[in-house]
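The next part holds the structures, each set out as structure tokens.
Two complexes follow with chain A in common, the first pairing it with chain B and the second with chain C.
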Partner chain A sequence: MMNVLKDWIFTTDHKKIGLLYLIGSIAAFALAGCMALLMRTELSAIGPTITDNPGDYNVWLYFHGAAMILGFQIPALTGFLANYLIPLQIGARDVAFPRVNALSVWLFYMGIVLALMTFVVPNPPDVMWTGYPPYSVLTPGNTALYTFTVLLLGFASILGGVNFLTTITFMRAPGIGWNQLNVFTWCTYGAFILQLIFVPVLGTAVTMITLDKYMGTHFFDPAAGGDVLIYQNLFWFYSHPAVYVIFLPFIGIVFDIVATFARNRIFNYKAAIYGGVGGIVLLAGEVWIHHLYVTGMPDWIRVGQMITTLMISIPVGLLFISLVGTLFKGSIDFRTPMLYGLSVIFLMLIGGLTGIPLAIVSLDLHVSDTYFIIGHFHYVMAVAGTFSIFGGVYYLYPKFTGKMYNEAIAKIGFWLSFIGVNTIFFPMMIVGVTTGMPRRYWDYSQFPDAAPYHTIMGIGAGIIAIGFIVILISWIHGLFKGTPAGDNPWGSRSLEWTTTSPPLAHGNWEAVPTIAEGWGPYEYGTDKA
Partner chain B sequence: MHKLGMTGLSLTSSLFGFIASLLPTSGFAKDIPDNAQGFDHLWYEVMVDITIIGVIFAVILVYFMIKYRRRSPDQEGSQKPMSAVSAVGWSVIPVFMFLADDLYLAASGWELYNDYRNVPENAFEVQMEAAMWTWDYTYPNGAKTYNELRVPAGTPVVIRMTSRDTLHSHYIPDFRIKEDSMPGRVTYIWFYPQEPGEHVVTCAEYCGLLHSKMYGKITVMPEDEFTAWYKNEGENLEQAVALN
Partner chain C sequence: MSDHAAHAHGAPTTPWPLVISIGILFLIPFAFMAKFVYHQPFAAILCLGLGAPMIIMGIIGWVREAIGGAEFPEMRGLGFGAMGWFILAEALIFLPTFATYWLMRLNADEWPPAGTVDMPALLPIIMTVILVSSSFTIHYAEEALEKGREDVFKKLLMVTMALGLIFLTMSMYEWNHLFHQGFVMSTNIYSSTFFTITGLHASHVIVGLGIFTAMLLPALNGTINHVFVRTGSLYWHFVDIIWFFVVSQMYFW
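And now, the complex of A and B:
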């Protein structure tokens, strides 16, 4: 037992590190989900329901946002999926710097431990995941805990970025050119470029609030010549690209799932990669002002970034056309991973299109900071991202366990979750634009019309919770009762399915895989297997 | 070719709209715009726009899902590699269609934004200082109210805002307008109350413990009632100053 534990803690194998990321991030998801349940129960009726202290609610909300983004989505996508898949997809024996990789996952777990201290320290942080000053400086809450959680997870991301950019650039098996990479690999490449450029800015911003709060500097104190808006600019200069750090890998895994289960080539691959992924990487850093539309930024920059923000629809549109086109003349099998993949397209459609009114500065003056925004970003990022992670887990499940999950249990889990999320997040958008109820409210007695919507959303939260339990059961059930899956249960042409299931502990293949002339991960309907 | 021509046409027309919105609009005797109405109009237009796009995508998606479902276990997809010409076509045409729609929406959004930002000349000006967790209003004659702003119907109102402590956001859902108030900076919003009545004003930027309880009301009074109240407040203030 001790040996097994030692083996996992000190491992430098990218597959084990990936699974460590998966376990940690799913735990973060479960806990952050419990916070959501507490909040939804509190809001299910007007007036205090389970706590009469708004401070409790603020801590739940802080933990929900920070843990879901920094502890679940980013690590699950750029930690678990990237670690597990990328060396396998490019025919590498491991990542470029396996020990740095191990350090990243340690830092990630330390970040999680620090985040969990929220529930132990006397004055837990209550600064929301955004940590805006002056409140984060004025609050009696422990802002340092927030800062150091962000810094640890940020370091893990930077190390991961260096590692994977090097791996993808230099360690592809001989014969795999840039135009033969999986879309997931390309998307992760884009995501890590963004992480490397922008994470240091976030690190700087959160360090500055801690210096202001504990060391007596005045970066954000106007009375001493500081400015409160500097922080929001720095924060969103990172955090809008962070949305694409989540979006790119999740749309990438959806591409791989859709191509595999439609057994079809990617429609207009080059437009998706160079136009879609490339366009997003280029535009990511020029749109952050849309988070500051109502903060009194100068008019010229609000209008200027309204145009750049709307233009994000161009690369996203190219990715969409490519994704939908991949179904054309396909051979679609509706297994659980595919249900998740297809549902992400629908969720993205709702979430992406509701981003358009939010991009328009004059419409944002009303709906900014209301429930409309919460509904929008849960559709486009939170739910679509989570569904693609779950889809990715089911997709890779036979690879990393060597066993097949139970299809019926998995599908029940999917449908419960799908119904649950729509029961919460669609009413959320309606209540936002019709009543104008703002976000981050512990109570809403000034918006009596919102009450029935909140009751419905509470029911939706319960359905998701049951759905997630069913999903967990299907994963654990498969470990014990699953039938042997075989090396390539989905009939995929992609390289990761040429290994044994599970792949060899060291080196993945017996020898470096040989790549046939004209090979591609999506060359279906031809003899070039 | 025909498709390309149409795209070019819509692109050109949206560019004209775009440029037209740059031209100065002041200098004409113009009615005071009702931004809440302007918002509702543009919102509706955008909803129609995104619903059409969404339905087109969804219909194609569902059609493909039904038509191309797998019929035998070994069946593979039969999509052919794309020729260079169609790859460029499938990239350039959508890019210009999206761009045309983006620029059209940006132009309409900008036009309404100008109305939101250009304060009418005869606007009644009130100072507001926010604090955890109260809205403090000061009127031109020195009168003060807390968590209730009284304004006359039929006159546009501009609020110049700042904050004593942290960020707040002065949000009046009925008038479709909000803007943050913060220490060290002055921001403004204006709105045009036309009928007497009461409207909720509530905080939309997280400000700690009682954020959700930071609300008050905008009371729009008939003009003569307001004038009487306002005069009375002013006189009371003068007496108080005289007594001191």
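And now, the complex of A and C:
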């Protein structure tokens, strides 16, 4: 028992570290989901429902946003999936710096510890996940806790980024060229470049809030010559690219899932990689102003950033065409991972198309800070990202357990969640446009027309909760009752499926694998005919 | 870890990353919050007392394991390239502080803002000379090591560390001097950026000195990891280059 514990908490093996990330991030997801349930229950009817204190609502809102983005999505995608998959996909025996990898995962856990302290400290942080001054500086809430949570998770991200960029650049097995990499590996490469550039900016910005609040500096204090808009700019300079840090790995894993279950090559591989991933990496840092259209900017900045924001749809469109083209003439197998993969395409389409009006200044000014925004970003980032993480877990389930989950339970879990998310987020967009219901309100007595929609959203939240419990049951059930899956249950050509399932605890392969001439991760023979 | 690799299929383990993480949790977030949020100076000292030894212990253990080389041959020599990526991230830690400074300064009605004292001009020049010469000494140390002259390497490494320490001491002296004149972090927007940026830079000098210590102690016992030396020296050059931005923007503009 002690040996097993020691093997896990002192491990430097990328597969165990990946699973540690998975456990921590799923726990963060469950807790942040509970916060969402509390908020939806509070909003299910006009007036106070389960709390009389709007401050409680602020704390739930803070924890939901911060934990979902920083504690769940980014660690699950760039921690769990990247850790587990990338060394296997490039034929490496581990990452470049296994100890640094272990340091990353434990810093992530320390960040989770700080986030959990929200529930025990007096005056918990109540600054949403954005921490805008002047509120974050003036609030009695503990803004330092927010700052340090971000700093620890950010430091873990930076170390992870350095580690994986070095791994992918220098540790590909001999014979794997840049054009033979899995799309997931490529997408994660892009995501890690973005993290290295933008995470430090967030770290500095949140540090400056804490300096302002506790050390008396004046960065964001207009009375002394500071400027609150500097914070908003720095924050979104990170946080818009953070959307792509989430988007790129999740679209990458969807590519791998779709190619495997459609038994088809990636359509337009080079356009998707160099145009799609490359385009997003290049444009990611030039669009953040669209979060600040209403703050009072010169028109030339707003119009310029409107153009760059609209340009983002070009690389995203390339990736989208590539995904749909991969389905075309494929022999599609509707297993659970594929259902998640296809649903991500659908959710991303809705989320992406609702993003276009938001990029246009004249339209955005009218729906800014309404429920339309919440509906949009939950579709494109929150739900699509979460569904691809769950799809990735199902896809890799036989890889890391050697067992097969129960398909029926898994499919029930999928459909419940899928119906749930559409029941909650589609009405959000309608209510945002038709009633102008503003976000972040704990009571909406000024917007009585919104009430029936809120009731429907409350029901949707309940359905998601049940769906997630079913998903968890399917994972735990498979662990104990799953049938042996064999080494390559999906018949994938990708390198991670050529090793045993689960792979060797130390080193993945007996020796660095040899790659045959002309090998590719998606060679299903469909191009030859 | 190389001795662990001998056990054919047992995955290697190391306790130090976990120890360092817990140490960081106590040293920075807990100690800061105890002192500045909850005003419990004794608890803060307790957190410092727990965190600092854990980090130092963790780093010593880590260096002992790692200085001998990587687990698999294909992992050797990757530190230098990784430091390049890390420096990209480091540069972007400094950029927002400078951007904030520039924006506030260019939008200010009067500069320097009320409350600013006369900034010294001679001291920063001497500090620049010291830091630049330390960049030269570490470069020559690296060259000596490549020629196989380990004794020269060790001496030049020690000279570099001494120069770094002198730089830090002068920085500390200057801060103290400014504090006594009533120029502290909360004085005005110039003091806010001045102490934040010079403090951020000084913290990087401290990290650099830590890296050199982790190089020097094993070297005195006869173990020198060449990749580690090149990596650490690259970091030091970066800290030096950042100083040019700090000194030109903070003192001479």
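Rule of thumb we're sticking to: the second predicted complex is superposed on the first by the 525 of 529 C-alpha atoms of A that agree within 3 Å, B and C clash if a C-alpha of one lies under 4 Å from a C-alpha of the other, contacts with A are read in each partner's own complex, and residues count from 1 in each chain.
Going forward, a contact is a pair of C-beta atoms (placed from the backbone, for glycine too) under 8 Å apart; a residue touches a chain by one contact, two chains touch by 3 or more.
Nothing here was measured: the structure is a model prediction, and the numbers come from that model.
K.L.:
Using the superposition on chain A, decide if chain B and chain C clash or fit.
P.N.:
When both complexes are placed onto chain A, chain B and chain C end up side by side without any clash.
K.L.:
Does the superposition put A:Leu145 against chain B (first), chain C (second), both, or neither?
P.N.:
second
K.L.:
Could you figure out whether chain B or chain C reaches more residues of chain A?
P.N.:
Per-residue touch count on chain A favours B.
K.L.:
Specify the angle subtended at the CA centre of chain A by the CA centres of chain B and chain C, expressed in degrees to the nearest 10.
P.N.:
The three centres form an angle at chain A of 100 degrees.
K.L.:
With the two complexes superposed on chain A, say which partner A:His477 touches: chain B (first), chain C (second), both, or neither.
P.N.:
neither
K.L.:
Could you look at A:Val162 and tell me whether it touches chain B, chain C, both or neither (first, second, both, neither)?
P.N.:
Only chain C; A:Val162 stays clear of chain B.
K.L.:
Counting only touches as set out at the top, which of chain B and chain C does A:Lys16 meet: first, second, both, neither?
P.N.:
second
K.L.:
Output check: A:Asp227 vs chain B and chain C. Expected answer is one of first, second, both, neither. What do you get?
P.N.:
A:Asp227 contacts both chain B and chain C.
K.L.:
A:Phe170 in the overlay: touching chain B, chain C, both, or neither? Say first, second, both or neither.
P.N.:
second
K.L.:
Between chain B (first) and chain C (second), which, if any, makes contact with A:Lys411: first, second, both or neither?
P.N.:
neither
K.L.:
Output check: A:Asp299 vs chain B and chain C. Expected answer is one of first, second, both, neither. What do you get?
P.N.:
First partner only, chain B.
K.L.:
Can you give the closest approach of chain B to chain C, taken over C-alpha atoms and in whole Å, for the superposition?
P.N.:
It is 12 Å, taken between the nearest C-alpha atoms.
K.L.:
Just to be sure I follow: which residues of chain A are touched by chain B in one complex and then by chain C in the other one?
P.N.:
226-227
K.L.:
What residues on chain A touch chain B, complex-wise?
P.N.:
Per the touch definition, chain A meets chain B at residues 54-55, 58, 126, 128, 132-135, 138-139, 222-223, 226-229, 262-265, 267-268, 270-271, 275, 294-296, 299, 302-303, 306-307, 310-311, 313-314, 317-318, 320-321, 324-334, 342, 345-346, 349-350, 353-354, 356-357, 359-363, 365-366, 368-370, 433, 435-436, 438-444, 446-447, 491, 524-525.
K.L.:
Name, in rising order, each residue of chain C that touches chain A in their complex.
P.N.:
1, 8-18, 20-22, 24-25, 28-29, 32-33, 36-37, 62, 65-66, 71-72, 74-75, 78-79, 81-82, 85-86, 88-90, 92-97, 99-100, 103-104, 107-109, 113, 184-186, 188-189, 191-193, 195-196
K.L.:
Spell out the residues on chain B that touch chain A in their complex, using ranges where they run on.
P.N.:
Within the complex, chain B contacts chain A at residues 38-39, 42-43, 46-47, 49-50, 53-54, 57-58, 60-61, 64-65, 68-71, 74-79, 81-82, 87, 90-91, 94-95, 98-99, 101-103, 105-106, 108-110, 112-113, 115-117, 165-167, 169, 171, 173-174, 176-180, 182-185, 187, 200, 202-213, 215.
K.L.:
Under the stated contact criterion, what part of chain A meets chain C in this complex?
P.N.:
6-7, 9-13, 16, 92-94, 96-100, 102-103, 105-107, 109-110, 113-114, 142, 144-145, 148, 151-152, 158, 161-163, 165-166, 169-171, 196-201, 203-205, 208, 210-211, 214-219, 224-227, 230, 234, 504-507, 512
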